[in-house]
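Below is one structure. I have some questions about it.
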Amino acid sequence: MDWALPPNYSTHGVVIDQLFWIIFWLTAAAFVLVEGGLLWFIFKYRSREGQKAHYTHGSNKLEVIWTAIPVLVFAVLGAYSGTKWAEIKNASGFPPDALQFQVVGKQFEWNITYPGIDRQLGTADDFTVLNQFHFPVNEDIVVNLESEDVIHSFFIPELRVKSDAVPGMVIPVWFDSRQAGEFQIACAELCGLGHYRMRASVTVHETADYEAWLASQATAQ
Amino acid sequence: MRLDLRNSSAAMFVALGIAACGGGGDAGSSGGGDTGGGAAPPAATIDPATVGTISGMINFAGDAPAMRAVDMSGEPDCAAAYTGGGPMTQSVLASGGGLANVFVYLSGGVSGAPAASGAVTLNQENCRYAPHVLGAQAGQDIQITNSDNLLHNINASPTTNRGFNISQPRAGITSTQKFASAEVMVPVRCDVHGWMGAYIGVVDHPYFAVSGANGSFRIANVPAGTYTATAWHEEYGEMTGSVTVTAGGSADLSFDYSASMAGADVPLGEPLVVGHDGAHTHAGQ
Amino acid sequence: MAHAAAAARAPERGLDVYTQKVGMWVFLCSEVMFFAGLIGSYVILRFGASDSWGQPGEVLNVPVTAVNTFILICSSVTMVKAFAAAEADDQKGIKLYLFLTFLMGAMFLGIQAYEYTELILHGEWQGSHGFTPQAGLYGATFFTMTGFHGFHVFLGVVCLGWAFKRSLAGEWGPKNTHGLEVLGLYWHFVDLVWIILFTIVYLI
Amino acid sequence: MATMIAEATGQAILTEEHKQSFLRKYIFSTDHKVIAIQFLFLTLFFLMIGGFLAMMMRYQIAWPDQPIPLGGIFPESMVASGYILPEFYNSLVTMHGSIMVFLAIMPMLVGVYANYLIPLQLGAHDMAFPRLNMYSFWIMIPAGILTLSSFFVIGGAAGAGWTLYAPLSARPDLTGVALGQQMWLASVVLIGLSSIFGSLNYITTVINMRAPGMTWFRMPLTVWALFITAILGLLAMPVLSAAGIMLLFDQTIGTSFFLPEGGGQPLLWQHLFWFFGHPEVYILILPAMGFTSEILAVGSRKPIFGYKAMVWAIISIAFLGFIVWGHHMFQSGMNPALGLTFTISTLFIAVPSAIKTFNWMGTMWRGNLKLHTPMLFAIGFVAMFAIGGLSGIFMASTPVDIYIHDTYFIVAHIHYVLFGGSLFALFGAIYFWYPKMFGRMMNETLGKIHFWLTLIFFNLVFFPMHGLGMVGMMRRIYDASGYRHLEGIADTNALITWSAFALYASGFLFAFNFFWSLWRGKKAADNPWDATTLEWQTPSPPKHGNWAEVPVVYHGPHEYSHPGVTDKDWLAQNERPDVPSPAGGH
Amino acid sequence: MSEAGSHSAEAGDAGHGHEAPKYMLIWVYLLVLTLAEVGVAFLGIPKWIIVTSLLIMAVWKALLVALYYMHLKWEPKRLRILVVAPLPAVAIMIIVIMMEYV
């Protein structure tokens, strides 16, 4: 019964988790205020013999207060979220030297095309592997998401990455991993009867291991 | 006013419920009709005197292209079943001068074929279709079974027949399908495992066969007469030949394929992108 | 209960417009949104998502549809004339104008049917034989929009026939103009949608 | 002169009633009350069906490797050797969402209570267009039958989610579902038509047929909420019909509006769907807010706190509702620049809901709370809707939405506002207006038991889903085994499933109480809750045509514990013109 | 049945006191504008000028039909507000979705 966010290994994930917990504590406070108030009112003002309700149509002062406070809180939250969102998602802000991959979602499998030794996509040494995504640690990764048939969603929980793969569009997704390890790509958008099994393995290598793996793949073809 | 207002509304509610389920219920039987098999008609009695057999070889000249390994690492329980070099693609299997998986059927001269009886089975084992190529008569039951304890979906995409896209998430699940009209080579694929592919040849009569590992095939109980026969292979295309069957005798028929015929025009139902079979996955090697 | 004070109080003044007219205007708002969905998708798909679909008049027959627009505008005029005749209790005028409106509505549908068959059989667009709904997005959006507009014109023509039948029995008059006015609102709305369609689809 | 006309027609309506045949009076009736009751039975039936689909889903999620009991009764295309097949599971997900939204909750909120309450609370004889009102009910019957029988056609029912995202919904070869999807789209267009005819009726009736003295700011909040809901429905449903027709063409005649290979845009479907979708979710919550405000005022014996603020909150929700739809599509590949604008507009639409919550609490503050069943459900609504609203803020903040989008966090949010919100308010409304509809009271003790069971099991089912969302469990997955980040969720899902079965069972307690009280319930007085709005000033159930003489309104809607009235703690809207009241005056 | 609702009609009809609107003149306007539109569409001038002038003429024709033929000119202001209400929603929908492709 553990309800915790999985450990986060990406830089963007830090912002996401931070915002998550800010909102969590804000809503927790509001939750206690509202639910506690309701319970207290029920016990304090439940109908007793001879009790008379207080005749009032409300107070404009209170209305202004509990309109201004949410507006203020949401304005700050909105501005902060908006700027962070622009950093994470605006393709113009992506680092130009990031390692580019092409990930194509197809009904119930992920085909990942690697740039090969020369780190450039579209060159002769590119190769595609089914359901296996290998990339080096501590390096900016940009995945060019595509889909062949329906809408899938590229989701790596531990790296806080999620973006739909829409057929007919190429959507760049920028993330990185600050720790080597084994993760999984899951499909988060209903894509047919095999949606629940559309997963691939993600292996984050130390830089040296990645080079070695690349070499081994080159000879295997 | 008050009392009968309630009775009528309650009555209307019950009627609605029955109508919807009723409407649903009887549609169910017709809807499911397609998958449930009708009672198979009694097999026509075959008079042994008037029938013969056709047997022969599919010869293959030249060396077959080396089959590539299939990357099954995504499915560990299937990969474990293949010791040695691991699973290989199945599109061209040739050994000792013979070509396997060639679908041979009588394409001309057949009249008054007996109705379909019995069932053909297509099994899924270790993330492979067994058999890779099979024949079925129009209207004959095709029993699809799953002996892997993981999800396979059977996506048949014919052109003239109605296709189906059903799933079998566990071992032991069987589903019966049938095709109404003849269609040579209905491609079948599994979307969960891109490398899986099979072909079902649907013909109007029971006179068909698939060549074995050494290229030999045998069609039994063929009424006497002269026929034209066609051989179909997924890489090397189609060839035809004529054969005469004598009552009680055995006619010989052979076809000669050669490696040079690779890339021939292969008549299929819907153009199938089953090319996962190694070629697609390792683009650019 | 003591209702002495309940002297004859007029009910609340809603929009100072009789109920059927308010109902029709509210219905027309929902129709605006329906056509917004269709025409909006056309505008988005043509001017946003894809490169040019061709110059005006390249595929679609502008002269014929210009005549069609002329006919629909005339039918709007005769509709208004019919309503004016009803207010002036000019029974002959009502019958004449209603018949003319009905006739021109039917002519509009006829010409559109002719235009459709012409396009489907001999239309030409980016190599597709016959300009049909399957001929890429241009065909799909064109036939969906103009098709549903035609369907609304057809409904209007049926109602005009019903109104004309009632006018033969002399049922429209100064005391009974609401039905005619509401039908006129619907008819003018259909004409208005065609004005927008004609400009956006045929001329741009 | 106006009253004479009303007088004459009032009498005419009452006498006309006896001449009608049984068919005309009950089956094809144009009386708004009979149509409301027909809607009520139809929607309760579909609520039961939608709930049953959810139970099958929950069984599959909790025990994916166990065959379901009685699996044999299902055709082989749905359940093979006892196991629910993944494509049938997708149909269950799709039809559970669609049936609940389109055939259960929306018609119950709008079809039943707008039809029943608007004429009665405004002092009108009937709807502006009674025949059109009847058509709007009878269009729902073919839509319902189309939906139910789509389970049994070749390929099964629709299976692309209730949001029908293209191209999955547009290409039968990718799902194996062809006819089922088309039948579902046809019934959505029919439901859209029925909803447009209904909204047309409600808007015209509210504008033009209010009784003398019933000014705009003396209308009860229920009528305000239903009026604004009708406007949302009027402007949003046609866009869905247009998009649904385009999707139907994509499937049947081979156009390619949303198919990329033909140049179409899958995102266009999402934009059009959610442009309708967000006003739709406000259609699903605004009437519930209206009923809650009404029941809280009656239960607290106190006027609504900040009536004007509540009205302006409803109106601002209507305007803002049309400019926030993008927050459903943050991760869908939409232009990221739009993400910022939709974040700001989404956060600002949360403000009116916050205002309403505080005003509801203000209504209960220093009240004389009568904790009868409708009041309990109304308080339950406020409590649960508050949680739903708060969990919505997580999604409005776009970076957080990157992680929780399409996870069970969203499912928790949906159900806290739809089940905890709309359905709690609906249960309250059924208990509250049952005496007026059927002339008998529903049993109080059974009602209270039903409330506490529903509240407890509702929270046991949907609060853990927040946890599943945090862990990262994706939506609509048939079997979560094999995902390393989901290893620990088996027992949470088992708890949720057992609680869901209990929740569904407590629903049948409500059904028993509902049908048993139809004939055996305690006889109801005309005003059992001592309420002030006009519908309680008529006999239970009201005669055909509602009013012998059209009432004249002197006071605002919720004048309880008025200092000027000593003999009782409520002042009906149409009595005692001599007593001044803030919203009253002459 | 809904006659009770129509008694507020008297107030609505009073608005007809003005002289009969000049229907035929409006008809002429519409024809001229339609011909002008067709003419402009095939001129050689730059595309954006054509498009803006076409849109202006289309809106003008639409307003003529709405104000005179659909009688909006003499309706109470609140009905005109109700009629114009959906237009901003339509504009927002199209502009925002077009932002997708800008």
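A few remarks follow.
So that you can tell them apart, the chains are marked A, B, C, D and E in the order they are listed, and the count of residues begins at 1 in each.
In this section, a residue touches a chain if its C-beta (ideal position, glycine included) is under 8 Å from a C-beta of that chain, and two chains touch if they have at least 3 such contacts.
Since the model is a prediction, treat every value here as computed from it, not as a measurement.
Least step count on the touch graph, chain C to chain D: 1. When the partners of chain B are compared with those of chain E, the chains appearing in both lists are D. Across all inter-chain contacts, the pair with the most C-beta pairs is A-D. A centroid comparison over C-alpha atoms places E as the chain most distant from chain B. Legend note: the chain whose CA centroid lies nearest the centroid of all displayed protein CA atoms is D. A separation of 47 Å divides the Cα centre of chain A from that of chain E.
Between chain A and chain B the centroid-to-centroid distance comes to 43 Å (mean Cα coordinates, whole Å).
Separating the centre of chain A from that of chain D, both taken as means of CA atoms, is a distance of 31 Å. Touching two or more other chains at once are residues 2, 6, 85-87, 128-129, 174-176, 204, 208-209, 235, 239, 264-265, 267-268, 337, 478-479, 550 of chain D. The set of chain B residues that touch two or more partner chains comprises 151, 153, 165, 167.
Counting partner chains per residue, chain C has residues 10-11, 14-15, 17-19, 22, 26, 29, 33, 36, 44, 49 touching two or more of them.
A list of each chain pair in contact follows: A-B, A-D, B-D, C-D, C-E, D-E. Every residue of chain E that touches chain C in the complex is listed here, in rising order: 2, 5-9, 11-12, 16, 20, 23-24, 26-27, 30-31, 34-35, 37-38, 40-42, 50-51, 54-55, 57-58, 61-62, 65-66, 69-71, 75-76, 78-79, 82-83, 85-87, 89-90, 93-94, 97-98, 100-102. Those residues of chain B that touch chain A in the shared complex are 71, 73-74, 150-151, 153, 165, 167, 191-192, 194, 281-285. Residues 1-2, 4-6, 8-10, 12-13, 16-17, 19-21, 23-25, 27-28, 31-32, 34-36, 151, 153, 155, 157, 162-170, 172-176 of chain B touch chain D in their complex. Remark: chain D residues 85-87, 90, 93, 159-161, 165, 167-168, 171, 174-176, 260-261, 264-267, 300-309, 331-333, 336-337, 339-340, 343-344, 347-348, 350-351, 354-355, 357-359, 361-362, 364-371, 379, 382-383, 386-387, 390-391, 393-394, 396-400, 402-403, 405-407, 464, 466-468, 470-472, 474-480, 482-485, 488, 491-492, 495, 560-563, 569, 582-583 touch chain A in the complex. Across the interface of their complex, chain D is touched by residues 1-6, 12-13, 15-16, 19-20, 23-24, 26-27, 30-31, 34-35, 37-38, 41-42, 45-47, 51-60, 62-63, 66-67, 70-71, 74-75, 77-78, 81-82, 84-86, 88-91, 107, 149-151, 153, 155, 157-158, 160-169, 171, 182-184, 186-197, 199 of chain A.
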